[in-house]
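Dropping the structures in below, format is structure tokens.
The two complexes that follow have chain A in common; it is paired with chain B in the first and with chain C in the second.
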Partner chain A sequence: MTKPTITIKICCGTMCYIMGGAELHLLKEHLPAHIAPLVKIEGASCLGVCQDDNEDRPPCVMINDELIPNATIQKIITHITKQL
Partner chain B sequence: MTYYNNAIFTKRELLVRILKLLKKDSLLEEIDRIPLEMRPRTKAPIRCCVHKDRAVIKYKIMALLGYNISDEEDELTPLREYAAEALLQEKITGNFLTVVDEACSSCVKVNYTVSNLCQGCEGRSCQVNCPKDAIQIINGKAFIDHQKCVNCGLCQKACPFHAIAYLPVPCEESCPVNAISKNEYGVEEIDFDKCIHCGKCMNSCPFGAINEKSQILHIYKQIQTKTPTIALVAPAVLGQFKAEAGKILNAISKLGFADVIEVAQGADITTQHETAEWKEKMEAGETFMTTSCCPAYTELTQKHIKGLIPHVSHTPSPMVFTADVAREKYPNAKLVFIGPCLAKRKEAFLNKSVDYVMTAEELGAFFAVEGIDVTQNEALASSAAITPEGRGFAASGGVTAAIESILPEGTNFKAFMVNGLSKKTIKLLKTFPIRPPKANFVEVMACEGGCISGPGIIAPSQMGQANLRKAIDELKEKAIV
Partner chain C sequence: MHNQRFFIEAETYQEKKANQRVCGDACLSRKLKDEDRLITVLSDGLGSGVKANVLATMTTSMALQFTAKNDPLERTAEFIMNTLPIDAKRQISYSTFTIIDINCLGEAKVVEYDNPPLIIYRDGNFYEPSKEVRTLTRPGGRRAKVSYSCLNLKKEDRIIIVSDGITQSAMGTPHFPFGWESDGLKKYIRQTIKQNPEISAHQLARKIVYRASINDKGHLTDDATCHVIYCREPRHLMIATGPPFHENCDSLLAERIKNFDGKKIICGGTTSKIISRELNIPIEVSLNNPDPSLPPVSKMEGINLVTEGILTLGKVSRLLEELTSTEIKGNGPAEQMVRLLLNTDEITLMAGTRINNAHQDPNLPVELEIRRNVIKKIAALLEDKFLKTINIEYL
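Moving on to the complex of A and B:
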């Protein structure tokens, strides 16, 4: 069996959640079949992005150690595919 | 089903920003900065220019402060003045939607357009089949004369090259009662003699031009006062976060509410009364009875299907019964209903059962501003007296299931479900007074899927459904222990 090599942490902080993060929790159902076994999905508490006034907007996810702001399911999938 | 889009997030960001300023106690000083901060010069404008974008934001804020956009008398009046006035006194007119005319892109008047796929063929079946002589051929290509076109769509069907496209007007298309249409300036306008506050237009407009008038300002202020404020939480709210019911209820109480009461408690009372009423009606020889808990549906019967009114149950909604419970316990308190519904605003306005209505979306904004993470929270013990069926009201089929659960076995109870109001289901409902349905009980939900898919939700409805089922199972487990 292939081991998950990519860990995705979905920010479950409230700001991310209301700004589209809720939708990200459906990620599992959208992952293409060949990628799904390689991905481990976890929740995380506020990643801090929502608190500072920079260009990065919620919702956020961490793909391994990389922070992805403005995340959408499609954006996450593209990132994962790149890392494989 | 509403897809997530940026117009929805703009609204949520505005809610957060307004609440943040309230919390900082600098609403009046800073509110006029919001449009500038959200639409800075450095970013590519969404509309024609940054100034238009800012104007749109300004008007959306007006709606969130509780104003009709048409209340504006002077374009130069700053938001500060509106906010100051709103803080002093709440303006409620009974209509809870308002169109931001600056934002309305005035979508097409004529729904059909000839694309550049037009080959200018010899057949010209578009022209030949148009009953209104609305198609001209200019430079070998077809054109639709907007003065003559009646949107029949025959040209589109006739074109062998699929060169004619259909362009919808999303708000008009989504409105099940034709309450929204263009005024003389080509801007959409809501006819409140027809509107049933289902909220479908609001979420369908890709420009976010249709806005609900919020009470967040007043709710925030109310919570700060010495008078206790009680939250009445609709069961659909329990499906909105990735946390168990007890945690969500606790998070709500942390916002400063003196007590948090589940509306499912009132739903249980509704079930008792509605069942008794149904039995009585059947014994009296009536053919069928419909539910009454969905306020958009009752408004529909009053404005569009008067013949159904005698069939609508007289039993008050769960919100009303829960409000009674709360008033008895806290006679001097102010009550805030929290749910996913726009039409509840109207219901509360009419029956005065509660003082304020807030959506789940607005609740999310409150949490975000107060830094409350629903998942990292202790769970409040929920009232053991509530039945799983009471919480089940939030999903289509829930009322039916609740009534069935207390009817003795073998009762001749035949239910029919209208799961979502659309032009089609309304047509069907219109036939019921003349040709009664085969069922003797009709459950009507304006939103497809039930309240859990309401216009003011945060969680995508499939997730909301799953979360709600979990919350219901929790109760069942407790009952077994």
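Moving on to the complex of A and C:
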């Protein structure tokens, strides 16, 4: 069996949740079959993006150590595919 | 309600007579917070159905009002008898009542008129207070015997009041030709408490009514109501929600949570981070969420429940508002919190007042309430609707 090499942390804070993060919780169901076994999905408390005054907006996720703001399921999948 | 010595849990359970739409008994409790006093009235209206329900409801609300105003109990009894509407067919007006008035010292005054005598369970036995019986004249010159008694409640005492639908259940069966009667009921109470010495007031009341219904083979021949008062050690819970206004109070908040003797809830992402940092307890966010309308719960060792803040509080407040019984369906974060809250007697709310600026953005797709307002609403509901004792500390 392949070991997961990518860890995705989905922010479960209030702001991310109401800005569309609720949908990201369904990420697992949307992952293409060849990617799914390589990915480990976890929850995280507020990643701090919502508190900053810059362009980056919630919802956000961390893919390994990289922060992805304005995250959508599609954006996450594209990002993972690039890393593989 | 609580007093210096113990907490008083008061719960009612009732079932209506088979094939009736409404219950002809009524039971009402009110906690007078300023006086630390609890008044309960149980009444059984003449007959069954709507008419009986109106009589019983009028009786309980009148008795409650008058007792709360400290009117002499005889006057109250007399007034009720003279006020009730007269049944056109039978030309009588009638409803029974039992009034219990418990003050802050645990002294109870009891007035009983025509209900089965109240039962006091103490240390495995039944305690009989001495009763004074007085005769009142009802309209039409009929006489009515009203009994008065006083008792000093002790921790672990239970008072059980029932309508005659309970004591007369099983009537005419070979086993109980005259019904279950107080003796049968007492035996059942003793047995049930022996099996489960910590049985809650709600559970005991429900068990008694179920048993009466079984006595009647599942078709109650009269309305059955049971009210149980249980004097016990209070159960405590603390909720920490919101970061303290001054950061140097963070450690204080964490210490309070750590040293609190009772159940603990942390509600809010920032709050849990503060406590996690101060007490060095890691937060584990689970993604497994039975309620997609709210962010999931997290886990922290030593804390009974860790949830998101404002959205969850909003749902808790809605649930508390809509609840009509103490049974809660579902297992989402808000339901879990409501269940913990309702299983507690004294709740301490540690409300941090620092505003989360991100929440004030006018471009948000939903309006986020101000935490302080939601907390106030929840506190008021718990206090007035569910008779809990609440302390709010802002920091």
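Here is the rule we go by: the second predicted complex is superposed on the first by the 84 of 84 C-alpha atoms of A that agree within 3 Å, B and C clash if a C-alpha of one lies under 4 Å from a C-alpha of the other, contacts with A are read in each partner's own complex, and residues count from 1 in each chain.
Everything that follows uses one rule, which is that contacts are C-beta pairs under 8 Å (C-beta built on N, C-alpha and C of every residue); 3 or more make two chains touch, one makes a residue touch a chain.
Keep in mind that this is a model prediction, so the values were computed, not measured.
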Evaluate whether chain B and chain C can sit on chain A together after superposition, giving fit or clash. clash
Figure out whether A:Leu67 sits in contact with chain B (first) or chain C (second), or with both, or with neither. neither
Of the partners chain B and chain C, which touch A:Ile77 in the superposed model: first, second, both, neither? neither
Check whether A:Cys12 is in contact with chain B, with chain C, with both or with neither, and answer first, second, both or neither. both
State whether A:Ile35 touches chain B only (first), chain C only (second), both chains, or neither. neither
Answer with first, second, both or neither: which of chain B and chain C does A:Ala44 touch in the superposed model? second
Pick out the stretch of chain B that clashes with chain C after the overlay, from 62-70, 296-304 or 368-376. 368-376
Do any residues of chain A touch both chain B and chain C, and if so, which are they? 12-15, 17-19, 22, 25, 43, 45-46, 50
Which stretch or stretches of chain A touch chain C in the complex? 10, 12-15, 17-19, 21-22, 25, 41-46, 50-51
Using the touch rule from the top, collect the residues of chain C that touch chain A in their complex. 269-270, 272-273, 283, 285-287, 289, 292-296, 298, 308-311, 356-359, 364-366, 368
Write out the stretch or stretches of chain B touching chain A in their complex. 4, 9, 12-13, 16, 241-242, 361, 364-365, 367-368, 371-376, 458-460, 462-463
Quick one: in the complex, what on chain A touches chain B? 12-15, 17-20, 22-23, 25-26, 43, 45-46, 50
